[in-house]
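Please read the structure below before turning to the comments.
Chain lettering (A, B and C) follows the sequence in which the chains are written, and residue indices restart at 1 in each chain.
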Amino acid sequence: MTQLLPLVLQNATARYRRTTVVGPIDLTVDGTGITVVLGPNGSGKTSLLRMMHGTARLAGGSVTWACDMATARANQAFVFQQPIMLRRSVLENLAYPLRLRGLNKSKALDQAADWADRVGLGAILTRPAPVLSGGEQQKLALARALITAPSLVFLDEPCAALDGKATREIETILTEALAAGTRLVLTTHDMGQARRLADDVIFLLRGKIHEHGCTKLFFDHPKTSEARAFLKGDIVE
Amino acid sequence: MGDLWLGIWQACVLVASADADLIEISLRSLQVTLTALVLASFLAFPLAALLTVRRFRSRRLVIAVLNALMGLPPVVVGLLVYVLLSRAGPFGVLGLLFTPTAMIIAQVIIIVPLIASVAHQSLRDLWHDYHDLLISLNVTQWQKMRTLLWDARRALLTAALAGFGRAMGEVGAIMIVGGNIDHATRVLTTAIALETGRGDFALALALGFVLIAMTVLINLAIHWLGRTEREGRW
Amino acid sequence: MTRVFLAGLLLIFSAQGGKSEQFRMAVTTSFHNSGLSELLLPKIKSDTGIDVQLLVVGTGQALRLAKAGDVDAILVHSRAAEEAFVRQGYASHRREIMYNDFVLVGPSDDPAGVANVTTANAGLTAIALTRMDFISRGDDSGTHKTETGLWADAGLDPDGFGAWYKSVGAGMGAALNTASALGAYVLTDRASWLNFGNRGDLELLFSGDPALFNQYAYLPVSAERHPHVRATRAARVEDWLTSPASQKMIDGYTIAGQKLFVFNAQP
């Protein structure tokens, strides 16, 4: 696997229509495991992920990788809260990132079929992706992100609209990816999911990192009053 | 009313008797229009894709011009092509005036803006859906265009059919650059204009019905092709 | 399925046969509408091997096409314009081939009394005095030029006419249709009139004045000015058009039992 990490953010800021939506952020993502970004709505979780991924324009500071930018982009993936399905079959959706990398069609389709089996979509290979259920779409999006064996995957609320069964299936896939050595950074609203998956937690508030620490410590002994209120379920602005 | 029934009757007789002249001009209509359609599609689709994915400074201007050109009177296109292809014009040496090639050139100019404009609208919608994913996958401009064009192919077919309809029914431009020469550049629409000018409304109507029937048949055939391709997928 | 479609396309594109000796001639709408060309062209092809492609246009456009060198020869009927054309060097010469005549057509109740006059001049004057609807081609064609010439002979100027003078800017058939719909008078060549077959209430009211004779002439485009024109073929077509074979066909051509053209080429 390509040496991508550490990912280092220094003073990184992203703006949307002249308002700073996130930052300045100082953060290092390294090693293995799952980092979970928590925070109330509008705290800038999605923007933080996009800024790290490189799809939100940097308004200030820097985002640097251990390798060059092109290699870094080629070895990471992003899973959106609303899965974006290509208007193609399940199989073709999965094969798409491989085809972009110049893999020949039959090999790409073989690998795609393997992955479809692995995430439980093997029975509906030829169905058009846009008509799948929400859970199926998210599994497909996840498999499509993992199929190129990225070193790092960002996930924005991957289980936001899913039922328990689908959530468990997604979490199983994530754990398997983790075991294969993939570094994960995800946002969630689901405290249970954060406890189950996270190695460390970032608590984001008003576009800034309010707390950052290992999961158990954050949940058992939050340092700030805002984090305590957030964990209690109070409204935090 | 008399002319109408006579026209329908004559159309039936012409078709039933497989009239040699009718077959000849119908085939020429198809040949000219389909060639123009293929060429125009090869120009218009990539242009529409480029306008969708690229943000260059004059993009809005190009789109506005394209939309305006959709309403360009074919006669004006015909005149321009005539002036260019005339022996006295810059491309006169090619000797293309009053040939099917000249008609194809005029039709391409007429339908490229239409096809590109309709295609651009559907590509823009698709691009709106795909934008975040394709940016995240870090695809090249070329790959973006290919992905959009492939996944919007059914909408592009509709755009092409709109172009086909316009080219097939066009008369002003091809009359000027083709000259409506019997056995050389006469097509259904120019034959209709000729018979109308002669005052033979019934025959003109008959040819008109044949034209309508052919356009409908081609549309059906292409939709049918689209469906067979879709089987097992969509 | 796709294969069937492609096979169909192939069939369409292979349908165009080989080409023989081509030759382009611009002729006037009135000549083409007479139907004579449909007899002459196959005969020219079998006798000389030349495939004459006809561009059916108004005299004005025919002259323009010849001026630009876009055709090899023209067959038109507007003497003054033709002579000027030869003088300016666009055509090598002018050869008279045949003539037909114009007729005045109008509503059968003839409110202007055109049927009772003895000259074309008097007929047009009667229409102008009674201000009855009159359809003019208005397209700078040979017929239109003849019409304006006749008004000038009568000392009248169409520019000063009122709403009764309708310039339609269309071909003879269309002008006849308009006249028929409006019950108006119109000047037409005899061939177009006969082929039109009197739809509606129109009737032939006046003919026979020598002022209405319509001389057709053949003008090959100057090869000096346009080296690409097919001058040899133009000469061969001219030879044929002035030959006894041509005379036989032209003089023998009738519509509804009426002779239309008089061959008058000088050998």
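Rule of thumb we're sticking to: a contact is a pair of C-beta atoms (placed from the backbone, for glycine too) under 8 Å apart; a residue touches a chain by one contact, two chains touch by 3 or more.
Nothing here was measured: the structure is a model prediction, and the numbers come from that model.
A linear topology is adopted by the chain contact network, the touching chains following one after another without closure. Simply put, of B-C and A-B, more C-beta pairs touch at B-C. For the pair subunit A and subunit C, the distance between mean C-alpha positions equals 80 Å. Put simply, the C-alpha centre of subunit B and that of subunit C have 33 angstrom between them. Chain centres here are Cα averages; for subunit A and subunit B they lie 47 Å apart. The touching residues of subunit B, counted against subunit A in their complex, run 126, 129-130, 132-133, 135-139, 143, 147, 151-152, 232-234. Residues 1-2, 5, 9, 12-13, 15-16, 24, 29, 33, 41, 51, 53-57, 67-70, 170-174, 176-177, 195-196, 199, 226, 228 of subunit C are the ones touching subunit B in the complex.
Considering their complex, residues 53, 55, 73-74, 77-78, 80, 84, 86-89, 96-97, 100, 126, 128 of subunit A touch subunit B.
Interface residues of subunit B facing subunit C in the complex, by the touch rule stated above, are 24, 27-28, 30-31, 34-35, 86-89, 92, 95, 97-98, 100, 179-184, 194, 196-201, 221, 224-225, 228-229.
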